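Each of the two complexes below includes chain A, the first together with chain B, the second together with chain C.
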Partner chain A sequence: MKKALNEFIHYLDVTAHVIKMAFMTIIEYPANIAGWMISNPLQFIMGFAIIKFVVESFGQINGWNYGQLAFLYGLSVISHALSMIFFVQGWFMGYFVIEGEFDRYLTRPLGVLYQFFFTNINIFGVTDLIPGILVFIYGCVKCSVSVNLLFILQVLIMLVGATLIRGGIYILLGSTSFHTGSAVDFGQYTQEIMDKTTMYPLSMYPESMQFILTYLIPVGWISFYPVSSLLGIEGRYNGMMIPFVTLAVGILVMLIAGAYFNTGLKKYESAGN
Partner chain B sequence: MKKYLYVVKTQIITSMAYEFNVYGNIIMQTIIMITSAYFWKALYKGRDMVGDVDADSMLTYVIMSSVLSVLLITNVERRIERSVDRGTVATDMMKPINIFGVYFAEDIGNILALFFQNMLPIILIGSLMIKVPAMADIRDLPLFIISVAESFLINWIIAALFGMMAFTAFNIDALIQVKKHLLRLLSGSIIPIWFFPPAVQKVLGSLPFVYIYQLPLSIYIGRGSRAEYLSGMKIQFLWLLGLSAVFFYVQSRVVRKVMVQGG
Partner chain C sequence: MIDVQNLSKDYILKKKEPGLKGAIKGLVMPVRTTMRAVNNLSFHIDTGEIVGFIGPNGAGKSTTIKMMSGILTPTEGRVLIDDIDISKHRKEAVKNIGVVFGQRSQLNWDLRLGESFELLKHIYQIDQKDYDRTIDDLDKILGIREIMDKPVRQMSLGQRMKGDLVAAMLHSPGVLFLDEPTIGLDVSAKYALRKFIKEINKVRKTTVILTTHDLGDIQELCERIIIINHGELMEDGNLNEIVDRIAPYKTLVVEYYDESAPEHVRCEMTEHKGNVAKYRFMKKDLTAAEIIADLSKEKTIKDVSIEETGIDDIIKIAYGT
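== the complex of A and B ==
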């Protein structure tokens, strides 16, 4: 027990150093900071504006009004931002496999997956977080939700779960590179699909697709089901426990992804020989 | 010319080498296309016409937008960034061949490979699962082809101009993202800008982005009259001229800058 605790403290210590290093790296390229500061908020402001325009043209989206959509969009962007901070490396795993970068991690006395994500922590993800929080607060006001302790707890729990689901999916997709031996940058596509399935109500898609997105690729749990339950919108799943289901699904996806990553790592051969 | 054709050929072979990438891309693009189709189907539920377009034309728009997005894949910005970052740009420029010509030839080669690998499968899957994306008026086909060619060039030049920022900014990952989002959301590739408020439409109409996606797609689905297409294409052509001028000017400046650095 004491040993495990010591190890945990050691990991925390390393994490603190790594975050410090990440800060130092980002200030190396000033133009890059400016770029991210513009790029990320811009993306979500425009995305949100588009929802507004669509709602103005069509009245509502599948029975969801503007305020509810803002609530959904905001929470979806927040969990996206958190997954960008901690798990964006999964998008580039292919390049690490191809270029033999895992050698470096394998020689160190820390978990490979831990090193892979945390030595490359992406501080810029914060620039996604801020527009997400703003839109979410706007949505809360529009829907006039009553903010109490339970609500805050539910939101936090579902955000942790949603971040884990997204991260797990990135790891699963990235780990395919171990088996295929090619580097594919699915990041852009993954994000586009996630945007389409988490920022709009899932109920607008046909039954078969909803089934897939609920049970096979559990993106429905990232935002649609928990938000439906938080806002009290009738749907397939209701009740105050849904955010906790999201957390459970997140942990499950992460466990599966970790196992898949480890089987891939066994197949990993270094670059040269 | 022969040199560049050789680059095109090499690039086609390189692009063909990774099978998994091909299948992965097709699957991903198909998912995106089908979700978009259902998105519009859900929006149009119980309505005939919104923004002068019916649901059926909107589905054609979605399929053709996916097809066009394959044609508009550029690699030039990443190529420039990498060669500046690794310093190979100096040796590249010593070769008796225009470096930007090589990048252009590489992108052409890539697209030729993608034509069979991605575009045809997407049209096929789209026809089977959504609808056959037939052109509204086949007589506009020449206009459509010309405007697609121009939008390809405009798109490539914008990408190259962003790429050239690497000579001064060194790391342009973020700038590439800025460009990507601008293009995705302001060009009408996901949501046509005719659903936007009139004031926003006017602003976007004066930017080059709508001439990349929305103009050729409008011609394809037959939204508007032939006179409107022609006036749109006139502006498109002016954008092409203007951007080309900027491109050649910046290119000569950039080359000089590298020469100075090299001693």
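== the complex of A and C ==
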């Protein structure tokens, strides 16, 4: 027990230091900050403007009104931003595999996945977080949700779960490089699918698609099901426990992803000099 | 210290056939072949040894050293570092090793060198007193303090190598692995590196394991060499003994005033070009002085020199070229 606690404190200590270094790196290249500060939020604000336009033209999307869509969109962007901060490296795992970059993680006394993600922590992801939070708050006001302790807890739990689902999917896709021996940058591709399935109500897709997106690729749990439950919208799954299911799904996806990554790591071939 | 037991490594290769037809065939019915990169290696390395791994490109040196440092998982056999199996208990075993691999750096490109060291201080949980003392010690050998505040991206290759050496030694590991450390370094950087290896080996009793193609590195540093070719252990032993055994001869080069050169009964004339003749003789049978004395009775000698059969000839013989 004491050993586990010490180890946890060790990881926290390294994480704090790594975040400090990430900020120092950002300060080294100030021009980048300005670029990201403008382009990242703009991308999401424009995405939201399109929804607004569609809803105003047609009244609603699949029974979801404007405020509810804002709520959904906001939470989806927030979990996207969180996954960008902690797990965006997963998009580039193939390059790390091919170029032998895992060597240095394997020769240090910390978890390999931990080092892979946290020594490359992407503080810039915060620029995605801000528009997400703004749209979410806007949605809360429009839907006039009552913000109490349970609500806050549910939102936090589902965000953790959603971030883990996203991260787990990045790891699963990235780990295929260990087996195929080629680097595929699937980042843009995954992002497309995730955006289209988490920013809008899943119920607008055909039944078969919904089935796949619920059980095979569990992206439905990232935002659609927990948000339906938070807003009391009738659907396949209802109840106040749904956000906790999201967390459970997230942990499950992470465990599977971690196991798959570890089988890949056994096949890791490094790179010649 | 290090125990390598029946170590083998297979790589799976997909056979590729030429053309689009071949590509489709490879996609539908992939033919996989197993290539054995390292075959059944066993050896033991004691604390404080400096061991040089030599062998041609693709011989399995890097694969071996990468299995020994926990990067690759062996197909068969195991590596024990201080009695800990490194592929089973990686996190525990790697606390006792430091690694510098060729041109791959573990330093943070964007920040000053000192920041990379700070991170390692946290990763290895080195307390401030030990950290300061290690930096002081290593500064005396490498002069690292001068470049601590320089961003890594602005460093020369030699400076970066110094940075990587210090990074690998910060947690005072018992074993240091170096994979082709002198590649691309200029003479003075090479000299600094060799001095560093000798110093840490002498003062800290660090065991050093290196692969290299640089014969100077081996002559300067290694008492023991392990020659690997085609994944097999060809030779393992004391450098001088191996040289004496594989190449027990020397060559005497004699220059005369004209083009005729006398033979000598107890040695072989291997070359005769113009005024210069080369005589190869067995070291244990006779000395160069005797041959010179014999030859000078027959003809006036202008100049002599001796070609020591060196490590490079050993390599040629061992590599089979």
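The working rule: the second predicted complex is superposed on the first by the 272 of 273 C-alpha atoms of A that agree within 3 Å, B and C clash if a C-alpha of one lies under 4 Å from a C-alpha of the other, contacts with A are read in each partner's own complex, and residues count from 1 in each chain.
The definition used in the following text is that contacts are C-beta pairs under 8 Å (C-beta built on N, C-alpha and C of every residue); 3 or more make two chains touch, one makes a residue touch a chain.
Here the structure is a predicted model, which is why all the values come from computation and not from measurement.
Undergrad: Touching A:Glu192 in the superposition: chain B (first), chain C (second), both, neither?
TA: So A:Glu192 only meets chain B here.
Undergrad: In the overlaid three-chain picture, which partner chain does A:Tyr29 touch, first (chain B) or second (chain C), both, or neither?
TA: In the superposition, A:Tyr29 contacts both chain B and chain C.
Undergrad: Figure out whether A:Ile38 sits in contact with chain B (first) or chain C (second), or with both, or with neither.
TA: A:Ile38 sits against chain B, while chain C stays out of touch.
Undergrad: Is A:Ile61 touching anything from chain B or chain C once the two structures are fitted on A? First, second, both or neither.
TA: A:Ile61: touches chain B, not chain C.
Undergrad: With the two structures laid over each other on chain A, which partner does A:Pro206 touch: chain B (first), chain C (second), both, or neither?
TA: A:Pro206 contacts chain B only, not chain C.
Undergrad: Classify the contacts of A:Val18 with the two partner chains as first (chain B alone), second (chain C alone), both, or neither.
TA: A:Val18 sits against chain C, while chain B stays out of touch.
Undergrad: Would you check which partner chain A:Lys266 touches, where first means chain B only, second means chain C only, and both and neither mean what they say?
TA: Only chain C; A:Lys266 stays clear of chain B.
Undergrad: Given the superposition on chain A, which partner contacts more residues in chain A: chain B or chain C?
TA: B
Undergrad: Common interface residues of chain A with chain B and chain C?
TA: On chain A, the overlap between the chain B and chain C contacts is residues 29.
Undergrad: Which residues of chain A touch chain C once you look at their complex with the stated criterion?
TA: Touching chain C from chain A are residues 10, 13-14, 17-18, 21, 24-25, 28-29, 100, 102-104, 106-111, 119, 265-270, 272-273.
Undergrad: Provide the residue numbers of chain C that touch chain A in the complex, in ascending order.
TA: Chain C residues touching chain A: 11, 62, 66, 69-73, 90-92, 94-95, 97, 99, 101-104, 106, 108, 110-111, 115, 118-119, 122-125, 151, 179-180, 183.
Undergrad: Could you please specify the touching residues of chain A with respect to chain B in the complex?
TA: Touching chain B: residues 29, 31-36, 38-40, 42-43, 46-47, 50, 53-54, 56-58, 61-62, 124, 176, 180, 182, 184, 186, 188-190, 192-193, 196-197, 200, 204-206, 209 of chain A.
Undergrad: In the complex of these two chains, what residues of chain B are touching chain A?
TA: Where chain B meets chain A, its residues are 18, 20-21, 24-25, 28-29, 31-32, 34-36, 38-39, 42-43, 45, 47, 50-51, 165, 168-175, 177-178, 180-182, 185-186, 190-191, 195-197, 200.
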